[in-house]
Structure formats: C-alpha cells, structure tokens
Amino acid sequence: MPIQVTVWGENVHEQTSAVVQEVYPKGMHTCIADTLQEDPEITTRTATLQEFEHGLTEEVLASTDVLTWWGHAAHGQVEDAIVDRVQARVLEGMGLLVLHSGHYSKIFRRLLGTTCSLTWREAGELERVWVCNPGHPIAQGLGRYFEVPQSEMYGEPFQVPPPEEMVFSSWFQGGETFRSGLTYKRGNGKIFYFSPGHETYPIYHQPEIQLVLRNAVKWACPEGGKWEDGYTRKATPPVEAITERGPKLHAPGTEGLR
Amino acid sequence: MPIQVTVWGENVHEQTSAVVQEVYPKGMHTCIADTLQEDPEITTRTATLQEFEHGLTEEVLASTDVLTWWGHAAHGQVEDAIVDRVQARVLEGMGLLVLHSGHYSKIFRRLLGTTCSLTWREAGELERVWVCNPGHPIAQGLGRYFEVPQSEMYGEPFQVPPPEEMVFSSWFQGGETFRSGLTYKRGNGKIFYFSPGHETYPIYHQPEIQLVLRNAVKWACPEGGKWEDGYTRKATPPVEAITERGPKLHAPGTEGLR
Amino acid sequence: MPIQVTVWGENVHEQTSAVVQEVYPKGMHTCIADTLQEDPEITTRTATLQEFEHGLTEEVLASTDVLTWWGHAAHGQVEDAIVDRVQARVLEGMGLLVLHSGHYSKIFRRLLGTTCSLTWREAGELERVWVCNPGHPIAQGLGRYFEVPQSEMYGEPFQVPPPEEMVFSSWFQGGETFRSGLTYKRGNGKIFYFSPGHETYPIYHQPEIQLVLRNAVKWACPEGGKWEDGYTRKATPPVEAITERGPKLHAPGTEGLR
Amino acid sequence: MPIQVTVWGENVHEQTSAVVQEVYPKGMHTCIADTLQEDPEITTRTATLQEFEHGLTEEVLASTDVLTWWGHAAHGQVEDAIVDRVQARVLEGMGLLVLHSGHYSKIFRRLLGTTCSLTWREAGELERVWVCNPGHPIAQGLGRYFEVPQSEMYGEPFQVPPPEEMVFSSWFQGGETFRSGLTYKRGNGKIFYFSPGHETYPIYHQPEIQLVLRNAVKWACPEGGKWEDGYTRKATPPVEAITERGPKLHAPGTEGLR
C-alpha cells in the first residue's frame, strides 16, 4: 500500500502574484505533489483553501497518512473547525509536514502552543542547510550540507518548544542561523517543520529539497495504531475491588465535565 | 519583593453544590490563596470566572509572577481573548500551575497542543503520590511519598506531550497509575501540572498538598527576563553585507504576513 | 530481509540457581530468542557473557540490527572494551532493548549518564502494566493494560534522564508505581527499556510480554543510515572563502586533540 | 551565602604553549575565576589536573555548588575515579559548566552518553552567537547576538542527545553553524555546555563571554535538595499489605545485585 499524502496549499499568491505564477504555474501544491509522486511508495492528492472545507473533509483526512501544509497570506481564513479536525487526526497518528511560512499557521501554533515567531528578510540570499544527524531518515542522501541559492532568511529567536530532534540548522549569507528542520511528536502523530520554501524562488524545484520532502513523508508515516479518545468520557470501573466512599458530583453513568 | 501569585478559581461548584460549599465555604480559590499566603515569600490575590474579564485584566496579569488555575464545570465559558492573554504572559515568562481538572482547561490544552484526555473515577479511593526525583525543588520536604486518603482517580492514557520532568507518579487503590506531577517550559514560562484536587474532598486542606503548591510557586517564579515578541514583525536588516537579489512579495518596510 | 536480532544473556543464574533452571531450562536468552523468532520478520542468534568477547565481536555487532540485553549478577564482568563497542554501534544506529535488571548494566548507564538506581522488592506480587500511549508501535495488540501475576517490584525514584516517551507505567500490589517502558534515542540508535522480567518467575513465557518484545524489536530497527564518526578528526576546510588569522595550536593537517 | 564555584582547568597548554601563556599568563582557570569573582554573589576557587586528585577531593566537591570544566590536551589523564566522583555530585545536584573543548572531556561524555564529536577549524574567524531564547536567565544582558572576533569553528554534526533547551546558536564566517549553548539536567544537576573559548584567542577576556559565565553559574546553582542514592540497595518493604509468594534469589535483608 503506498503512503497516501494530501498536499495542502493556501493557493493565494499563485492567484495574485505574477512572480509566483511564473515560478509555480500550476501552484505550489501541484509542484510539491508531483515531486512526492515520483516516489513509487507515495501517492498524492491536493487540497486548497478555496475548496469546500478547504479540501480537508472528514473523508479526506481519514484516508490521509501524511498531510503537508504550506500557507502564508491567509492563515486567518482557515476555519477553526477545520483546524480542530486536522489537530485531532494528527493526535490520532497522521503525519504532518509544516513548510516554510506554515510556521505561523493555525495548525502549527495549535499543536506547539507557542507563537512560533521568528525574524525574517526577503533578500534572495544564500542559505546553507547543515545536517545535524547524518543518520536521520530525513537526511538520507544529502551529504553534510546543501545550499539554497536564493532563500528568504528565517532567524532566531524561533519561539517553539524543545523538539524531539533538530535535523537541520541553516546558515545565512546575511549573518543569521536558524533551526530549519525540527521533529516533534504530539499524541501519536509525527510532525516535521522544514523552513526553506519561499514562494518567489524556485525552491521546491530543487532536487535536495524534493529529497527532504520524500524522506520526511516516509519518516512521518503512521507506524503504530490510532490513539482514539472516545473511551475516556465515562468513569472507568476499578480493576481492584474497592468500596466507593464519600460525596459525589457525578451521578452514576454520566459523562465527565469537559 | 515577594512573589505575586494570582489564584484563579472557576468558582462554580462552590455556588451550586452543597458538598463543595461545606468543604470550601469561602471557595477553593480562597483556600489555595490562604495556604500560599502563609509563606512570607509569597503574596496572593484571587480572580474568578464571574469577574470582569474573569479577573484577569492586562494589569493583573502584567503584575502576576505565577498564576494558579483550577476549573472543572465551565471551561467553555472562559473567553478565548482571555486565554490568548494568559498564553501570551506565560510565553513571556509568567509561571503557571494547572490544578486537577484544569487539565481540560482551554489554557492548558492551548499550551500543550494535545487533548489532555485521561480516564477518571470518582470513588473516594486512596491515592499514593510517589516522588520521582527526591531532589526536585517541588518535592522538598515530602519524603518518599505521601497519601491522599480520598481522591478522584485520574488514569492513563494521559494525552500530553513529553514533559521536561516527571516529578510525581500516583498509585490508586482501584488499580491505576497516573503521571500526577509534570513540568513543562513554553516560551519563557514554567508550567507545573498537579493532579490531586477534586472538589468534593478536603484535598487543599492537606499539609502535603499545600507544601507542594508553595514549592511549585517558588519553582515557577520567573528567573530570567521577558521574551517579548514585537520586534519580529518587520524584516531584519542583515548583519553581514549582502546584495539583495531576486523578486519580492514584500514592499520595503512593510510588515510580514501573519 | 528479516531484522537480525542478537539476544544477549548474562547466563549466570541459569547455571547457579535451581529455581531459574526450572523456569528457563535452556537459558533466558534462548527463551527470548525463540519468542522473537516466531515472527517471520525477525531472525535471531544468542550471545552470552561466557563466550569469547561475550559473543559480541565486531562481526556480530556489525550485522546486528537490534541487540537485547539481560544481565543481573555479573554486570561488573562485562569488559569495558565490549561496552565501548556496543555503545559505538548504538550511536551509529543499532537498536537496543534493555530488559529488567539490565537497568544497572554498564551499557545502559553508559548511554544514559545516570545511576539508573531504583527501589525493589522480590515478593512475587502482582504488577499491572498500563499503556500510556495506545497508538505507540510497542503497545499494539495489548489493550489498555496487562498483568504480570508474579513480578519483582521496581519502584520510584528511578534515576534516568527524561525519556523520549513513556510507553508503560506499572502499578504494584504492594503500593508502588514504576516507569516500566521508556524510549530513548542516542546518536542514531533507538533504545527501549522494559522492566518486567525477573528470572525466578516465568515472565518471558507470558504472551503479552512476548508481544511487547516483538513490537519493540520492530520499533528499534534502524530506519535511516549510519552516523559514522570518522570524518571529524581533522580540521574541516571552510565553505566560504576566509583568510586564516591568529596563532595556532595545530600544525596544518594534524588531528585534533581528543 | 554566595555561590561556591570551583573552576577546574586542565592547565597544560598554559605550561607548554608560548601563545597561550601570553593570552592567559596566570592560566585560563585563574582568568575564569577572576571573572566570576567580580560578582558579589559568587565566590570561587580553582583546581587543576596537576593537583592531588586533580584538586577535586571529596571535601572540595562536597562544598562546590557549581563546577566549571575546561580541558583539551589531556582528557585521558583525568582519572576515572575522579570522573565517577564528579558525576555522582552532578547527579546529586551540583551544577556543571562545560566549556569549549570540554565537549570531549570524560565527564561530559559520561553524563551525555554520546561521543560529543563535532567538526572544527582553527582559523581565527568570526563567530556570531545568536540568542535563541531572549528571556533565558543565561542570556540576560546580551541583546540579540554578540560576536567573538577570532574563534575556533565548531560545526555540525554535534553528537549530543536532545538538550532541555538550546540557548545559543553560532554562525561562522567560514560557512558553518553550531549549537553553541545547550542546557541539560541529569539527576538533580543542571548542566550547561558553552562552546566559545579556544585557548589561543582572548575569548575569556571578552565582556559578553564573562557575562554568560556569570549568568550560567547562577542558573546552574542547586535549587532543590540532594538526590541521594543510598537507600535503594536493600529491598523496600511494601506499603500495602501483601503476602509474599514464589521463589527468591535474595535472602531476606541482603543487598540487591549491582
């Protein structure tokens, strides 16, 4: 069974910016999906902000192994109910790749609990991405580092909680560094944040970037079962014999407060 | 300068349940504040759901070193704007103690990014709280364990991200275990979750529990500076001399997209 | 290609204790290897303390995907040179399962950096093992908990660093709790500590325990490449053009101090 | 009571290298101690490799709140028994600052469990140290970054376990990045690794570096009690009444195997 990836794209700048249209004539989401699809173990579909429920219906998410997320101009237009749904699926076990300006997306901030703020500069400068763990699955095939010839600078301080592992660290020509590849696990879902990917440069056309995305999809693929949440609403009977004592708030068999 | 603690109480069951009124005639928040106030290094005030802005105005939060949070029946009535405000202050550096059923509070789920779900049983059974690190500041003065004679069972699976440290682990007469004392850091704020504290039992009258709360306030007190977020909106000038290249989305001097 | 597991057994009590001989007539290592071997994706061999280089030659380790470690009476007899070798392979990417009294083994303390001390009692009491993340690969097929009818109590405080994840938490009839299943990653190697397994009880004959071991082998199997260490000895040439300045300790081309 | 710091120096290059003698005529350890001593909350003494027990007797360590460690040429000459002693004190609660080439010291590798390998270049190039959490106690008073005009490059991959927090990240003129300030906790001891400090450059004379060292001493100061290990050797009596069952390895009252 191939890994089912849903590539989510905000798809706004592709409609409004001639520069972005030229770099990604079919949209960034299509470019990313095409790249992933080159791997025979991966099958993809796309979803965009403008679709019904942003293309992320219950059915789509239920059949998604890994979701990739790129957004920049319209984070606020993503409906909270859809963010709730995506969060629930990540906690159950769906993998999530958050790309570039997705650091400010509702779903990333929701899962991490911090502002995810950083410093930035759009100057087309060189970014050199160093591998911090050469044995990590996401870094396979890359060598010690690779370069993005024109990149947007993202710099420290990056307000995120401590990651499970830091896979990449970036050096910028203008003098900054950035934690450019971070892994997390929330509930049973594996999360990877990868910062290169500014829309005015052809970054997703670059082979090393494409390799990272394919590696990351395989790394984030669910490996266990689901963490389902439903059985916790009602009181749990004891395993050991006990005599119930004392006053109660909850009538027998009722659901807990939430 | 004493540590300024704001003790937040939902203050609902104190109004509606004769049992809770009998155990906490002045409200749980007053009981907790009185306990903390016994320590000369701590000064307290209370705030409740029913007050203007739930008692958590900008002024109150700006002058709070550590906030304690107890809620159960009315998590949904806490306004999102106030949750935003509390979250921002925690990320800046304010300490936060989340107590008992506060595991389902908006602020705790916001900061941790998971459901914080667990299993439970209201049977007045014995809970034995073990110390996992006898040298931890929060565990000073406790011995190897202490017992809560009548407690609500909280059990695994507890859906939270990996903590910085597990300070307490609980054994229940009915056969379960629970990670009952967990520390986190988010942004620059120290967070402690402590599970004992069901409102129908006199748990906050118990000396060991009171000692944990006083220890935890001192542990969570801000120790560095603030992590302020404002300077990240505009582009950062380079430190090294670079020649700007390539197309741009952002006109010079404009704010970044968010 | 099946996963190649090397099952290491101290094999001392099997020679000296009639009780242990009766429970594990072919040795604990053989019992564990037979159990793992039932899975068609796994192939096993055994190694013991008494063999040349404790059975852990360069060749054996180089071809091992996952090593399991059980020792109790003779931790001090394991030669430091072999511990160095096992550590190096774990850091490169070999998985490691540390079982029961292996918490005091040289290799576990070496990798974790703490005493790994705990409290204990050999009283044949009931241990109930709770699943903390029902979606974790190691917990698949188990239900909410399982019981070990006769177990040695291991209790808190357990002096280990914060784990990547706590998979199991144990409840003991005598009143204690224990963090009985913990995951770590060191270098590129995945490590799982699993506490049930006292040698005077038939614990490794129990289906749930056997399932955990098989699940854990699959979880710990190397998933990326090797983290090789050799290229760091000599100075690294710069990527950017720089002019070397200032005094030097190291003559050009010499190895760094270590 | 001031914080008692013991500044440990290997003190080898100071005896053998004219360059180092010129930069640190009284030894690097004396320079570091003098710097710390400027803070009225700190009192210092020094200890060196050449002294009896490397200057780290039981008495010295028992009265040390924070130990700083600088070594480079003679890591192998530090006796294992002294490393054991330092490790034990850190686990009990003593703070530890590991400086520069101390990344390869026995004590750092012992506490972290990995090789602590990295890449390096001695070319006197510029290092720019970025603050990753502007609110962290160790970063107070620094601004967004500071520069070390001439530094030895330390680069990724740096083989260490995930830190509690990454406080600093360094940019090098030659094109690399490095995780230059990392915090850990092991047992009850707080550990800070800080990479700038090559002996042929006047780095410990630089005000920003001196500020980091003073901040780090205060951060690493023990804040709780000791984690003592002695009580775990004998079997622990049960808290709940149980009937002991089954065969035993251990005669009543004997110590556990270790």
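First chain written, first letter: the chains are A, B, C and D, and each begins at residue 1.
What we mean here is this: a contact is a pair of C-beta atoms (placed from the backbone, for glycine too) under 8 Å apart; a residue touches a chain by one contact, two chains touch by 3 or more.
Remember, it's a predicted structure, so these values are computed and weren't measured experimentally.
Participant: Once the contact rule is applied, which chains count as partners of both chain B and chain D?
Facilitator: Intersection of chain B and chain D contact lists gives A, C.
Participant: Find the chain most remote from chain B, comparing centres computed as mean CA coordinates.
Facilitator: Result for the farthest chain: C.
Participant: Averaged over CA atoms, how far is the centre of chain A from the centre of chain C? Could you give it in whole Å?
Facilitator: Taking the mean C-alpha position of each chain, the two centres sit 31 Å apart.
Participant: Could you grab the centroid distance between chain A and chain D? Build each centroid from C-alpha atoms only and quote it in angstrom.
Facilitator: 36
Participant: Need the CA-centroid distance for the pair chain C / chain D, whole Å please.
Facilitator: The mean C-alpha positions of chain C and chain D differ by 27 Å.
Participant: Listing for chain B: what residues touch at least two other chains?
Facilitator: 128, 133-134, 155, 157, 159, 162, 164-165, 175-176, 185, 187, 227, 239
Participant: Would you mind writing out the residues of chain C in touch with chain A in their complex?
Facilitator: Touch residues, chain C against chain A: 92-93, 128, 133-140, 145, 164-165, 185, 187-188, 219, 223-228, 239.
Participant: Quick check on the complex: what are the chain C residues that touch chain D?
Facilitator: Chain C residues touching chain D: 13, 17, 19-20, 72-73, 75, 87-88, 91, 101, 104, 110-115, 117-125, 150, 153, 155, 157, 159, 161-162, 164, 173-176, 184-187, 199-201, 227, 229, 231-232, 235-240, 242, 244-250, 256-258.
Participant: In the complex, go through chain D and note every residue touching chain A.
Facilitator: Residues 128, 130-134, 144, 155-159, 162-166, 169-172, 175-179 of chain D touch chain A in their complex.
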